[in-house]
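Working notes for the structure below.
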Amino acid sequence: MWQWITRLYHQLGSPKWFMQLTDKWLPWLIAVTALGGLYGLVNGLLFAPVDYQQGNSYRIIYIHVPAALVAQSAFVMMAIAGAVYLVWRIKMAAWVAKAIAPIGASFCLIALFTGAIWGKPTWGTYWIWDARLTSMLLLLFLYFGVMALQKAIESEEMSYRAAAILSLVGVVNIPIIKYSVNWWNTLHQPATLKLTEKPTMHIDMLIPLLVMIATTYVLLAILVILRTRNEILWHERKSKWLKQRLES
Amino acid sequence: MASIQLQAQQLYCERDDRVLFDHLDVSLGNGELVQISGPNGAGKTTLLRLLAGLNQDFDGDVLWHQQPLRSVYAEYAQQRLFMGHLSAVKKALTPIENLRWLTSGWSVPEDALWEALTEVKLAGYEETLCQQLSAGQQRRVALARLCVTPAPLWILDEPFTALDVHGVSWLETQLQQHVERGGSVLITSHHALQSIPSLRQLQLGVTREFEQ
Amino acid sequence: MASIQLQAQQLYCERDDRVLFDHLDVSLGNGELVQISGPNGAGKTTLLRLLAGLNQDFDGDVLWHQQPLRSVYAEYAQQRLFMGHLSAVKKALTPIENLRWLTSGWSVPEDALWEALTEVKLAGYEETLCQQLSAGQQRRVALARLCVTPAPLWILDEPFTALDVHGVSWLETQLQQHVERGGSVLITSHHALQSIPSLRQLQLGVTREFEQ
Amino acid sequence: MSLTRATLRRDFILVARNPGEWLNPLMFFLMVAAMFPLAVDQDPRFLAKIAGGVIWVSALLATLLSLDALFKMDVDDGSLEQWLASGESMFAMALGKALVHWCVSGLPLTLMSPLLAMMLALPDDAYAALFYSLAIGTPILSLLGAVGAALTAGLRSGGLLLSLLILPLYVPVLIFASSAVYHAGLGMPYAGQLGFLGAMLALAVCFTPLAVAAALKLNLSR
Amino acid sequence: MSLTRATLRRDFILVARNPGEWLNPLMFFLMVAAMFPLAVDQDPRFLAKIAGGVIWVSALLATLLSLDALFKMDVDDGSLEQWLASGESMFAMALGKALVHWCVSGLPLTLMSPLLAMMLALPDDAYAALFYSLAIGTPILSLLGAVGAALTAGLRSGGLLLSLLILPLYVPVLIFASSAVYHAGLGMPYAGQLGFLGAMLALAVCFTPLAVAAALKLNLSR
């Protein structure tokens, strides 16, 4: 058992192993994304029944909800990777954390953007200060904070560690922020516009949605892997194994 | 080399009720090197900044070609190069960018700048950000302009700071050559400059000792 | 004097893909003075900070009494005094207040502090704000603690900066006395320290020259 | 321990010698709050509704601005290096620094808040709530802010970056505090909100010094 | 002249190398504006009334914060000394510095303002007024701010002191600009207010560089 753990530890820390592993995995992951995406989008956009309240505009849910969920999970992943780096000084973890930040922020932007587009037909406005929207916006700010800090520090080591500390502080705060924002929104007098009460979902709508959510997580994995590989290629550009690899 | 004629007469300066110098006369012409020496706190930096026209908190006259410094300041500025304690090297720029800025008052051709960096042993670091250079290397960036600016009068405050042995002897050679070409130098340094023949010393008073 | 046993084995450090030192061994015991020398950018400051436990960005072991530095850091810190490029002198405080802070890790009696300031020729300036002192005088404030801290191991980065001739010889005497008392000193300086008999030199590699 | 105590004493001497350090945040607080009526509407009934929020936002910004210098000076002049070289506990140091900061920013703001409340026509019932919420809330701002200040201490464009990092973290404090004031103004109970603020303060005291210490140690390997 | 041009080029290189310099004020602007609904009330009808004022106050604060570094870096590293030593015209230099500052702070804010206007439910009629008032008003903020930045460049707690010095000077800009936006929201004409802003801008371009130059020369006799 212990041996297995130490082996895993060394493997996880090894860029070479990561490259080899992801060489094998990437095609499969991409295939899964393509299939899942195709299925989810075709079913969601073409075959799922029309919503009796919102007509066809609800179909943006197939992008909006997965993006929102992934954006939140990505932050947690980033914080975990950061913590691993802080404790064990595994360079790989820092590279993964660095790779996640812009991806998470992008998903966050997608969720906000699709939500805003969706808001226009449903609420008649692009933006209201609803609890969920607000906490999503704050999440975006947290992402920007981490990225800005990373950019601002020249020494690479330091920037990794600083970003890790910040994302840990952030991840502790996310539940507090979410909670307080929820509470704020429900205790003040209610806004004139509200998220439409969600009709219990038709099964034909639900399945494509679940597929899309799963697919988006896989997409997140792919993007993180690709960006991490870039980091590896850059940082290990002098190493022997990489030169051999590139030659063969 | 343009003609140099800097004269200071009857300078008087006090800081915090302590007289730094009084009835001080300084004059400088072509081919001269004046080292201002004295213990810490004697007023060397103060005197240098004053002669460079950067400090007007004194009594007495500073003349450039017989004219008060302030009235011909722009011309004077063209003719003298000032290097203070602070090196004006931006850490977020590369040595070549810094040098370009430092010499922008004179029109210096681009390749002369690259040569100057090579001259101060920074070849290969031209495109590295200065924050990644060591203390002495940053200092060399600032010194590189001595090779390229045409100003005949140099005013240097502790230019030997942070330089290694080679750097020091390089700078001594520069000073000497400049003086031989007919330029002149006003310098403070705790470093002995004996190797330069035309050296003149200007000793500033010792700091007052307090009784306990 | 407490016993000193600092060992560094197989140190390796690179910055920006340039190896500063490799397979470097350093050891220091009572009564030794090691001067780390080398040209600008050789890695002297880096090595010093690393031996002081202020930089962990290297490979190899640094041992204090046979134990890894990080595991006995608090004890080690009590035994060594570190002075870097930055002097940690607050300009809005007076010399005596600064010195009090600088020595607060050891319990130093108040009158020893005043004596130390007299020793570095700052008598009379004890209650002046440091921003009104000259470059060299500010440096002396930081140096004053050499006279009063009981730490046996001194790590000093370019301590001669900005000192005048008297200051330099004073500091040399201090170093010599400290070593004679059984203390030890690790120092970088572009200044020659020949006067001290037990001097050992540690030469760091020359900077890589680039071809044009 | 001794160095921590010496540092606290030194910091208070510095503040005493440069009263701007506590006067400036206070003035800024007053000015920002005073700008709102100019920018929005001077009608007291209208102001009464926004007063609590405006005062809290101003307090938050004033705290933020004064955070910038918290560790920067110490990094620049080498004091932090000496501190790290001393091998003493960072936790105590971080806590001490936050305490000094609060005494310099949060405390004067809290004491001055009734004046602003009056100028902005805050309902009488809400004065106590404003005072208590500031008294409990501003220490949280100092503690969280210290994390940001430590992370950005060695950087060039520190001030703004710092704001970016910690403004989102300030949101819960802002929400609970301004809601306390708002409810008090309507005559409703607000003990719950203050309780939450208290809980947050307890959490912050325990954990933020850890983050500050870790962030300061980053400066080790510069 | 050549040094002024070199300085402009150098400053733009520095900005390009450190995008935080223009991104951070922008983010700060967005964040501060987003705090208000949290602190006050999220009802769109209510927000619509304060939106113009809130956006302008946020813009003003964002500009203020980014001013701090305008001359400070140059003083600290000796660039200003070199500049003074060069004997070139200070007027051009001051104007150039303000221009760079505006490109980095005011311009991005102006371009982003419609987004914030949307989030704060600004009435549709007021969008144009907001945009124009920012386009004319933020250069004034940069120019006036440069005076404060020059005065406080050599000081320790510059940031806050700077705010204190120039916030009062910003008040007229704030009043005219927010009144323009407010009137536009009610469907009333607002050309008059913009006219005043324009006149102020013209004045500021002519005179503030003189003040900046004088303030920088104070650093001569340090």
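All chains are identified by letter, namely A, B, C, D and E, in their written order; residue positions are counted from 1 within each chain.
The criterion applied here is as follows: a contact is a pair of C-beta atoms (placed from the backbone, for glycine too) under 8 Å apart; a residue touches a chain by one contact, two chains touch by 3 or more.
Keep in mind that this is a model prediction, so the values were computed, not measured.
Chains joined by the most contact pairs: D-E. The most distant chain from chain E, with centres taken as the mean of CA atoms, is C.
Over half of the residue numbers at the chain D-chain E interface are used by both copies of the sequence. The most distant chain from chain A, with centres taken as the mean of CA atoms, is B. Centre-to-centre separation of chain A and chain C, using mean CA positions: 48 Å. Note on chain placement: the centre of chain D and the centre of chain E lie 25 Å apart, centres being C-alpha means. The distance from the centre of chain A to the centre of chain E, with each centre set as the mean of the Cα atoms, comes to 35 Å.
Each chain gets a centre from the mean of its Cα atoms; for chain A and chain D, those two points are 32 Å apart. Among all residues of chain E, those that touch two or more other chains are 18, 20, 24, 27, 31, 38, 41, 73, 156. Among the residues of chain C, those in touch with two or more other chains are 57, 85, 92.
Contact of a single residue of chain A with at least two other chains is seen at positions 141, 144, 148, 152, 157, 181, 184, 188.
Contact residues of chain D toward chain A in the complex are 144, 147, 151-152, 154-157, 161, 164-169, 171-172, 175-176, 179, 182, 196, 200, 207-208, 211, 214-215, 218, 221-222. Those residues of chain A whose C-beta lies close enough to touch chain E in the complex are 125-130, 134, 137, 141, 144, 148, 151-152, 181, 184-185, 188-189, 191-193.
The part of chain E that touches chain D in the complex is made up of residues 18, 20-21, 24-25, 27-28, 31-32, 35-36, 38-41, 46, 49-50, 52-54, 56-57, 60-61, 65-66, 68-69, 73, 156-157, 159-161, 163-164, 167-168, 171, 174-175, 178. The touching residues of chain C, counted against chain B in their complex, run 15-16, 38-43, 45, 85, 118, 121, 123-125, 128, 132-137, 139-140, 158, 161-168, 190, 207-210, 212. Of all residues in chain E, only 18-20, 23-24, 27, 31, 34, 37-38, 41-45, 47, 118-119, 121 touch chain A in the complex they form.
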